[in-house]
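I am attaching a structure below and will ask some questions about it afterwards.
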């Protein structure tokens, strides 16, 4: 079976999801939808994606720019078995009734509230919960990163987890968001990430707080975790992360000082755009004292949820009954190396 | 008694300490010492401070720039009862034997190791420990901020404290340090700040980790604390901070979103340079759940240790037997409002 | 005669203008007006300025924050002889009819179009043109900087002037404007600054282009000028700038590498906030080849127009018939050193 | 004939040049040389490039990191017909005698002085001058950008060209260079770029000045040019640029506001890393008044010289007698679209 997938919203996440879908052996990308013309719409056409107009956009504006329009949102939905909603935050909420009215299955992003879907989803943490659902919500980038780490740490049990999220202020392609020089605390305490991750890892005793800083590359999490059972040693913890899919553990000799070098690594690896879809950890950036584990984790906000969206399609249509199998296919097609 | 004070090193900290000393009723600034000419040396002379040459600097270089030199380091030390060493990190270690050989009392900064002095010092946390000492070490900006907060939280007892330090990468006047775009984890876990704060607050069960981010204004700490005894409510905690000297608690209606507005507040307040010598807290940036307290704290790295250096002089010479009295004098002269 | 001045709009420019007016021997600050409460409104009251509510603001919101309100805009205007409009860009246009209806003289800022006033104004360039006017417009920060430089260069005549304006993207207290990492060309060619400066220096053959860069401190202009008559040498040019009011020429030994050190110089000088109201030039940042002069010029966008607003008041009320006299008073009260 | 090429220095430029050489039908990459292990060396091996140790590096350090070393610099040179020196600025000067002693042809980068080679080189500007040379020097990124533009503007003749170079302060993978917040004028007037471009375009009457700004993405040039003969209209100028190889002219509807979107365009285009090897221009960012042309130009410092190095190999070995033919091959293999 080949699932016909369309992507509504073709920005930072949507364009990556579209590319990823197009690479899957068991899926077909039948279209992407965008509101306004621009270099991104042009790129969609260059890649051969049928381009639909959504969000109240004007097809005439596209045509005047010389961009071929395949139709409107309704028409795109008709051509698909499932829509992946990558509209701007909160717009998914407005789209949901339309999808429901048309009887199309749907995947939403983490900017929407959990109630929008039957289940919040993360491949490593709860793939099987997504099997056969009508509507899934792929949790946001930071929540995805935490959920994955929780899936790995689960073997020792988590007694308490304090996380500080040092958030990038804008994506690389955004030029209107600040701050340029300063740190902004997020005055929601605890931040929404803790409750959000519990939609995929129920009961996880995590407390999160966030600050926003002037960078565009990645988020960094500072995690201080008390495990229920002490690992044998730090090597055991490192190995558990390294063996898991969707983690990249940098070694000291690789000279990766921080997020600038992580993104350079991705460029050198030949990843598209470049993206870094794994949770990034550093051997040097981990410490264990008894059952107390401290570790840094970097999250590429633009791409970490991309493989999760692919797996969500597989779960909905039960293309693979097993998360590990789905992830293996996804990761192979996207160039994410398997755990070691 | 008027204590004659000299300042060795006239950079970010040294120039502020010099200004602060010059404002004290019980102290006299007899000189400042600098290695090279520049606009900062010029400013020292404009303020009427005798300017000495230190650190292997060439007096001829000063004279060619038209800057009047009062003598060398030895001569400055002869004119003083105490030297405040504000030389670059680790240079204090080289200066210490000279001070000792000349029999002059000395205050060092937190960039030096604790062993350099008889005692590490923070006015709110351990003023009385400094009384009559030969050599004190004022702990670094981040450690000062933590020590002050620990002094306030002590009334409830601290069972466990996890702190993430989001550090500014450079001072505003530095143009050669990066990163420009990125986050750098500090690969020392836990970071040195925990052990360092225990030199002034023995046994404080704090664990710290740090990241460096591209800003010049302030550090921000994200604190997750488990108290031994639950406060009655958040208002009680806020009041404790607000009443303490050297804290500024911003209220929601003041619209202080982050460090850019904190520094703007300081500018509007009319503070010199402007400086913000208090620990900065936000009413919105605090949460209490039982005995679990979360709070943000911003630290102005350029100035927070300045009043501490003044109090250290008073402790050494026992000009005031009581820390609260010393702080009151210091804060009044420096324009730091008293606790409310 | 003491002119009663009020300031409508109390943001970056308004608060500085208010402070400057309050320091003048021949003026009285009778009030400032602001739309919303916040730390800036609080600072106005702390400085003793009567605080009025403007721009559709709600006096109740101020009172709930504990801020004392003196009245509304109409009431403030009634108490004054002249209003300095420091409302956000384009808001002055909306305020103008009200001022006219009330018969009050008015000074506008450069964010408004030239037509709003009887004359665009710069103290060094055309003080006498402002004498006795009803309405003046102080040109914007970049235009002020260019107009001053034009006034100095006028002695040799300007045949052709190409200027690139490297603009700061946000003010230090703004946390919502970007870009964080990138350069944005201003797609208006030539930029509006050339025509704008000709409203004060008629016929100046300048062509300007601008880019926006991720910094908050200052603008920098790169000027390539062909003079009509070659100066004797570069020293003659330097001297002309140095002797003029409102220029600061940094010498090489001062080690001022760029805008970070310029602002640090201002902090060390003890300027309020700190501000740098002079055009900033560097001895090293000037070159002369025949009649071809190249020079860099840094402009502190927050404060450079402040003394010009003060002089505009004097011109309107003919408190001083001569610009040099007015500037001397303004500069002495604001701590701007005279030309050397 | 297949030319055997080795690359000495595998940083920002070297790794890109190596990739580009490996894609050429008439060249073979026989090795790359690096001083220290790290993620970049790892990437070289992953790509199958023989890895040599250079610059006094320790082969043992590589081996301990598990990186296979093929030999030392001498051994690499023996295996090649030509070496492309991509060592850090000024290191090429130290390497030059070694290359000469070994009788190997060599290409140097623009960080070296012009005297290091027989000729400075730019494919569009002076390809034929490079034919059969022993040693060429590919001029630096900014100079390359200017030389290309000069080649296009040459049809109208250039009477006078004033250029301001707004330079990025660090590359994306560098985390130690500043400034974080500020603008630094380059106190060399005129800057070296003018004389440098005249090594490839003799007599070009350009005067350049530069500032450094806190961004990592691209340089932006602001050009104000007086042509000898006025173009018919702006469309004619646009067409000349658009038709030339190695220019990308953005149209208004593409919504490319500045360098962040240019790099996003490159990511969407699917370029490796992503790179942007063309001079970037904007239709909106050009103005013509008679013979006076103003235009912005963005330069991707990491990659713009890469195709030039490839063409330099072809010129040296006379693999193509004609620059246009060489560029066409290079551009096709590197994914640079031809002129339209």
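Letters A, B, C and D mark the chains in the order given here, with residues in each chain numbered from 1 onward.
Criterion: a contact is a pair of C-beta atoms (placed from the backbone, for glycine too) under 8 Å apart; a residue touches a chain by one contact, two chains touch by 3 or more.
Nothing here was measured: the structure is a model prediction, and the numbers come from that model.
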Q: Give the label of the chain whose average Cα location is farthest from that of chain B.
A: D
Q.
With centres defined as the mean C-alpha position, give me the chain B-chain D separation in Å.
A. 47
Q.
Taking the mean of the CA coordinates per chain, how far is chain A from chain B in Å?
A. 42
Q: Averaging only over C-alpha atoms, locate the centres of chain B and chain C and give their separation in whole Å.
A: 35
Q. Of all residues in chain D, which are in touch with two or more distinct other chains?
A. 172, 174-175, 179-182, 184, 214-216, 257-258, 260
Q.
Which label fits the chain touch graph of this model best, line, ring, star, complete or other?
A. complete
**Q.** List of chain C residues in touch with chain D within their complex
**A.** 162, 164, 166, 168, 179, 181-185, 187, 189-190, 207, 209, 211-218, 220, 222, 224, 257-260, 282, 284-287, 292, 294, 296, 298
Q) What residues of chain C sit close enough to touch chain B in their complex? A) 15, 36-40, 42-43, 46-47, 64-65, 172-175, 180-181, 216, 250-251, 253-258, 260-261, 263-265, 267-270, 272-274
Q | chain A-touching residues of chain C, taken from the complex the two chains share | A | 169-170, 172, 174-182, 184, 214-216
